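These notes concern the structure reproduced below.
Chain naming follows the written order as A, B, C, D, E and F, and within any one chain the residues start at number 1.
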Amino acid sequence: MMRVTRCYHFPANHRLHTPLLSDAENAELFGKCNYPFGHGHNYTVEIAVEGPVRAETGQVVDPGALDRLVQSDVVAPMAHANLNCKIPEFGDLVATTENLAVVIEQRLRARWDEVFPEGPALCRIGIRETLNNYISKAVAR
Amino acid sequence: MMRVTRCYHFPANHRLHTPLLSDAENAELFGKCNYPFGHGHNYTVEIAVEGPVRAETGQVVDPGALDRLVQSDVVAPMAHANLNCKIPEFGDLVATTENLAVVIEQRLRARWDEVFPEGPALCRIGIRETLNNYISKAVAR
Amino acid sequence: MMRVTRCYHFPANHRLHTPLLSDAENAELFGKCNYPFGHGHNYTVEIAVEGPVRAETGQVVDPGALDRLVQSDVVAPMAHANLNCKIPEFGDLVATTENLAVVIEQRLRARWDEVFPEGPALCRIGIRETLNNYISKAVAR
Amino acid sequence: MMRVTRCYHFPANHRLHTPLLSDAENAELFGKCNYPFGHGHNYTVEIAVEGPVRAETGQVVDPGALDRLVQSDVVAPMAHANLNCKIPEFGDLVATTENLAVVIEQRLRARWDEVFPEGPALCRIGIRETLNNYISKAVAR
Amino acid sequence: MMRVTRCYHFPANHRLHTPLLSDAENAELFGKCNYPFGHGHNYTVEIAVEGPVRAETGQVVDPGALDRLVQSDVVAPMAHANLNCKIPEFGDLVATTENLAVVIEQRLRARWDEVFPEGPALCRIGIRETLNNYISKAVAR
Amino acid sequence: MMRVTRCYHFPANHRLHTPLLSDAENAELFGKCNYPFGHGHNYTVEIAVEGPVRAETGQVVDPGALDRLVQSDVVAPMAHANLNCKIPEFGDLVATTENLAVVIEQRLRARWDEVFPEGPALCRIGIRETLNNYISKAVAR
């Protein structure tokens, strides 16, 4: 078994705000990250897959197929977007990087078996939000 | 003469849009960067100063004094901000990284002689917007 | 369950020397790292925590609370220090990066339940000593 | 238990091609990576070992001993080489980065117990092929 | 006047060999870099342009136009290629990174005025060959 | 004319202290950097040379000759050293990174013409002290 991790980069904008709290509580909780117009990051998203090395290709995954899936379902809709406004899943969720990992996992899992019926398995989502803040999530199987 | 460059990091949000053009022309010119709600970056701002090494300190600049100036006049107002809305200079200017360099230079020059009456000289502003896009500007003296 | 890793940077000084061995054996074992006056590194310390994403915050951990704890108990006492002289735990321990991870883990565990009574769990300490040497330690629970 | 990861850098050349397929199928499968004269990368190889911290050294592994082993059995034969031509194991294997991890693991395991009879255990091989493509493999024990 | 530097990444293969010397002299001069099958690198090419910030765009250069030129004339022909075999200019030149900078400059200058008739000026080519080796060349005007 | 920059890495220890001032003034001026036992950094030293590309080698400088000079006169004496104690030039100079650049320049110029009688010229010394502090010095000719 081997793991392949591919990285994707895009800038986006988010605002931390939850309808579960009042405006004052949001401001208290999230501080500057609650500013109405949001702020942004250069996100680096890491997608890790795991499986055996196939004899004829010497590869765990067809990198082109993975790139096309991530490009169409994650990077294209999110790059240069305001995550709160453009990504429907953030209607219910605070647009933190933790929840961005949840949303990316949901999007990839929704089409994974169709695109990779013979594997490999999607195994981990990582997001570098800044030089000093990194989120990662094992994908349950 | 020696040059010291110090780096400062902050996330912010910007939208590329100019009142000199129509909405359709803005959309055509700036593409995704013209989305109304903006997008963001982790900006790394480099401030370079130049001067002689002082015998008693072995330094070109008091790093604490430089950090305090950049923090108060650049990082504090811009970090987590929407540059278009929060930074008055962008009322007249498209909020590109080029113009961000212009604005940062103006802000630092406005107080430079007061903070550093005996030098060193402010000599260069650099901004890394993404891994692959970098802006720099020599400061005229 | 999700993992959040935050990074902290500080320069410090250490000397590799153990009272369990003679001076000659120390010199033989540690080579240049046994020089009496020590040498230093820019350490990058990674603190990883693990827990569920809380619905109201969209976060695994309050980043400000984590930063304050690491700042007060790790970065403030260690930054710009000679680890052998300033950090009492290194009276008994060789000041290697491995043992620095042990010391940082002990310090954080000592106050963890008080600062984070409802979680998340401290799960991993990583230290980058140089570009090419990295230490990591899973935290037993 | 603690993990130490050391990094080694070398440039090499590889061509993706398998005798299990026809030339046309190879060209279709590997695209530009199938060009007859190959292309190259600056590989960064990470070798992770795991074991207890020894009381007298404060270390998990003698870094000099590990460096000598990796240098003689991995870096010296592979640096500046065409992997397909110079590394005999690639007679049977497509010279992908996945298989490079397999070959490096085999070479290190072949001599591990002789060089490190008292441990630590070899636990993981990682290879960064490009900024955006990373391979890793846990070592079975 | 402001400078914008954009970075492009591609892997390629080269062999250092000159017809001006005998095979033995080539082997002596270039060492491992003279191996017949070559070796490779992940090259990062930096293209810097200089000009005024245009009022209506807030930009020095249309980044899309620059990207298209560099992609068609530099990255597409060179990525995954053996520079000695695929790039005609290296018939006469040793395929060092210094000469790669010369070739890239020639290719960009050949079409610069056609693509950017109103500026900006091409001002500098930089190539990072490895973490520790960097080549740069000012473009004469 | 072309510029080649090569990078060298070493850890060292320094203490900022000047005999021109009293102990109290030193403590006031340098703060934590005045601690008696010093602190350290992973220094990255960049040595830039400038000259024409030689036709037979395709190179500006013999990289092996440059590496040997920097290794013997800079890296070997400074790596893992306490700069204040081991490097005689710091008897008269505060051991700042600015002065480290001065000392490295002096050492390289002292032997430059002997090692490189036909060029290239030594043109610039750069030192990265931390992620956010960088010193550079043009070499007068």
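Following the convention adopted for this analysis, a residue touches a chain if its C-beta (ideal position, glycine included) is under 8 Å from a C-beta of that chain, and two chains touch if they have at least 3 such contacts.
Note that this is a predicted model, so its numbers are computed, not measured.
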Q | Touching chain A and also chain E, the following chains | A | B, D
Q: Quick one: how many steps at least from chain C to chain D, stepping chain to touching chain?
A: 1
Q: Report the chain pair from A-D, C-D or D-E that duplicates the A-B interface, where duplication means over half of the contact pairs agree by residue number.
A: D-E
(Q) Measuring between Cα centroids, what's the chain most distant from chain A? (A) F
Q) Which chain's C-alpha centroid is most distant from that of chain E? A) C
Q: Averaging only over C-alpha atoms, locate the centres of chain C and chain E and give their separation in whole Å.
A: 43
Q) Could you state the distance in Å from the CA-based centre of chain B to that of chain E? A) 29
Q. By residue number and range, which residues of chain C touch two or more other chains?
A. 131
(Q) Taking the top-of-page definition of touch, could you list the pairs of chains it picks out? (A) A-B, A-C, A-D, B-E, B-F, C-D, C-F, D-E, E-F
Q) Quick one: in the complex, what on chain E touches chain D? A) 9, 11-14, 32-33, 35, 37-42, 79-82, 84-86, 130-131
Q | Complex contact set, residues of chain F against chain B | A | 16, 18, 20-21, 29, 31, 93-96, 98-99, 101-102, 131-138
Q: Report the residues of chain E in contact with chain B in the complex, numbered from low to high.
A: 1-8, 53, 55-60, 63-64
